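Structures for review follow.
Here come two complexes built around chain A, the first alongside chain B, the second alongside chain C.
On to the complex of A and B.
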């Protein structure tokens, strides 16, 4: 009886969470669930990814990759989403590449530096991950903007913003959790678009663009914080004045 | 009754060894919940021979359902402790003004709730669980609840504490029960339970006991004298259940 009750509770939760925003529990003790690609997909996609600089995020790259990995051309039918799975492979691998390199990326950022500096370094590092495919990235953005791929693309963007904040050691547990991630998602997406037209050496202009946007977001959140603090102070001071006058509140 | 010696260490620590010595009110409330863990301990004794089989204990990856359960559990706990600290913050000034002898009690209960909030804040950051999206709504509602019950008088404030802590205690017991069921399943399949989860269940048990201690304090301070007691507590309890239900989802 007991397991069935647990099962019922879990099924109930699962049904309810179908529509809710996914943000699953991250365990340190128990192994992580397997990735979204299986071994065959992984083999084909990693081979196909090498053809992207030349052939772009296309079915052509996919079939060349399948051939390189020793599969038949027809095995690209495995990917129901076609070239989008190649884009998703790029997004997932680049996102997951941040965590192992965290120490190196943040090496010159001192421990005392605030979270925003670390967010900037990590975001820049992720943008540099687009370096090799940058000349093909506008096509990829066009595919990602197709209605059927928008939810998956936005989900990946949200995961990236969350990953960057987690690696930067952000510990917000209030609504700023949402505003920080939302803000970074918008800044990242616009910087990525800016980068596709950037011809400056080492993408220096993109970095300056990124830093300007982050500074604007920082000053905006600072202003909102100050106003909120002022309102809270005034309200509690007003209540205390009334209390000192003997009003029983 | 102490658990048998041949049980795995984890299960022995999970079994409530010390019986709760309780006031009648709390005893009545706990009568069903304290039995549940002990029944589980007995159930695992039967499964014990299977546990000895694997030589290298391994840990099972969490399923999607388990991860969803854990994230919603941590989220709703953080929300609940946030609301509790805000209720006590709002109750304290009017209440202490009218009844100065309650100052140490209110300070003590607030301190414990603030400690719980810190615990869950660090847990949701560590495990990458998002906080509830309705944070501002719960803040306003909790402050309004605490303030209005304090204005209604000492008995109403204590009835509010009693109602809230009753719901919260039940809620923690449900979580502990689900976690124990998870452990039981893992142990039966020959997997090991990670320290992370032993710590988590220990934290939940400690916090549950402290919440129920607040319930005792409230009853000792004439929560039952509130008029109309049944209306006040049933409204607050329904509100708590609604808030828990919502926070598990958004």
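On to the complex of A and C.
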């Protein structure tokens, strides 16, 4: 049984390497492995991506991309998710494109500006990343909403919200970590949907929409914060009143 | 050379004149000839200088020489036809048809972005009865409107090919013209299949019965064009422990019983469930595919029905 044991060990080793490389946090010393696509997938997808404005996120684009990269029509079977792989490629490359351009994007935002302003700048840049495929993006959203693709799509959305907050320098470690990311995810998704119907020059309406939503979220979180503070104060005051009356709490 | 008496795999012998029923399935099942005890030193992949000592397993029995496994599997499928067809439906609640339909539609043979469509050459291994090949013909000719493909149905067993041939007579003439049959051993394909000549290599519910799986994978790698795809539909391991318990209970108690009642052959169905149990897990099998030189995309496989079956695909790199 030696070979099968060796095989099992190999599998274990491979799994160990994968888990060792995947971290739920940003590590400066051990950067995350680059991309979720291997070299062959990368070659086909990057070629296919050029066909998206004309043919959309379809098997047709994938197949044309495979031809361009020197593969066969049948090679698109490498992607078990079909056209969704192309959508994911778009999401991943656009997300990863934010980090190298961080300095340029935030150049006109003064150092003193708070995190929300930087979040707004970065989110807007990410939305502009959809510019070339915007007329095809409704099809993509429809594919992403298919039940089998929903988990992967939501995961990408969460990664994007986290990336934006990380790049914006958000260092919160309280429960607002979750509300900030959840809120930005909702705002981003609705802005993206708004953008697909936006015909204004330079997508000005989308930017106004994004800013309104962020302002609402800001005032809402401010209101929630105030209410929470008031509730906390009232509760502790109530406890103290009861204690002063001799109740053993 | 005595070296490879062993390499006669995926054998399906229809000893009786098989009954042609339309759209039957690949038969999951085998009948076991008398099982002789054998020495226990076993290794399915070890290469020894003397081929006759290479051993593999048959169901839960270890230390069977590859040639003996080939013989036993060859003794299999002997009462092919009607009872097995019914058995497959009974055992899987008819679900195997859905797996096969999904397998073929996900492969999408005949799809081409070029106008006119590029020709494709496909080899369906262990596909004697033709049900995967006929589905692929339909997908290419009807769905993708591309008659410019050629499918070779290969099987080690001439009787199974005869079943496929007879069934193919009910296909439209245009589809029959693009079909050919080949009697061949998947671990040693004949010279008529040139290296680097195929677009697609499929094997559905067959690779489990091969005496030497790595050799068959290496052979697939040899005959595929660069960029060509190896695709395999096979039983696999269930991930969910609760469903796994139910599934194991079903397969080890109910399936041999149904086999006894319906087909009158308990041993064959015992071999069936044991061979499923012995087949490597999804991750291990992906490792075998990668070791043969293929690249896999994503996690490399797709689970069907929570992992009862799985589709593995590998691409030969450029």
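Throughout what follows, the second predicted complex is superposed on the first by the 206 of 249 C-alpha atoms of A that agree within 3 Å, B and C clash if a C-alpha of one lies under 4 Å from a C-alpha of the other, contacts with A are read in each partner's own complex, and residues count from 1 in each chain.
In this section, a contact is a pair of C-beta atoms (placed from the backbone, for glycine too) under 8 Å apart; a residue touches a chain by one contact, two chains touch by 3 or more.
Computed from a predicted structure; not experimentally measured.
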{"item": "A:175 touches, of chain B and chain C: first, second, both or neither?", "value": "first"}
{"item": "Touched partner set for A:245, first chain B, second chain C, both or neither", "value": "neither"}
{"item": "Touched partner set for A:59, first chain B, second chain C, both or neither", "value": "second"}
{"item": "Touching partner for A:72 - first (chain B), second (chain C), both, neither", "value": "second"}
{"item": "Touching partner for A:199 - first (chain B), second (chain C), both, neither", "value": "neither"}
{"item": "Contacts of A:166 with chain B and chain C, given as first, second, both or neither", "value": "first"}
{"item": "Which superposed partner A:27 touches (first chain B, second chain C, both, neither)", "value": "first"}
{"item": "Shared chain A surface residues [contacts with chain B and with chain C]", "value": "2-3, 10-11, 14"}
{"item": "Parts of chain A lying in touch with chain C, wherever the complex brings them together", "value": "1-4, 7-8, 10-11, 14-15, 38, 40-41, 59-60, 63-64, 66-67, 70-75, 77-82, 85"}
{"item": "Chain C residues within the chain A interface of the complex", "value": "42-46, 106-109, 111-114, 118, 120, 199-200, 225, 227-229, 231, 280, 283-284, 287-288, 295-298, 301-302, 311, 313, 315, 317-318"}
{"item": "Contact footprint of chain B on chain A as seen in their complex", "value": "2-3, 6, 9-11, 13-14, 16-17, 20-21, 23-34, 162, 166, 171-175, 177-178, 243, 248-249"}
{"item": "Residues on chain B engaged by chain A in the complex (per definition of touch)", "value": "39-40, 43, 59-62, 64-72, 74, 78, 93-94, 97-98, 121-122, 124-131, 133, 135-136, 147, 151, 177-178, 181-182, 185, 194-197, 248-250"}
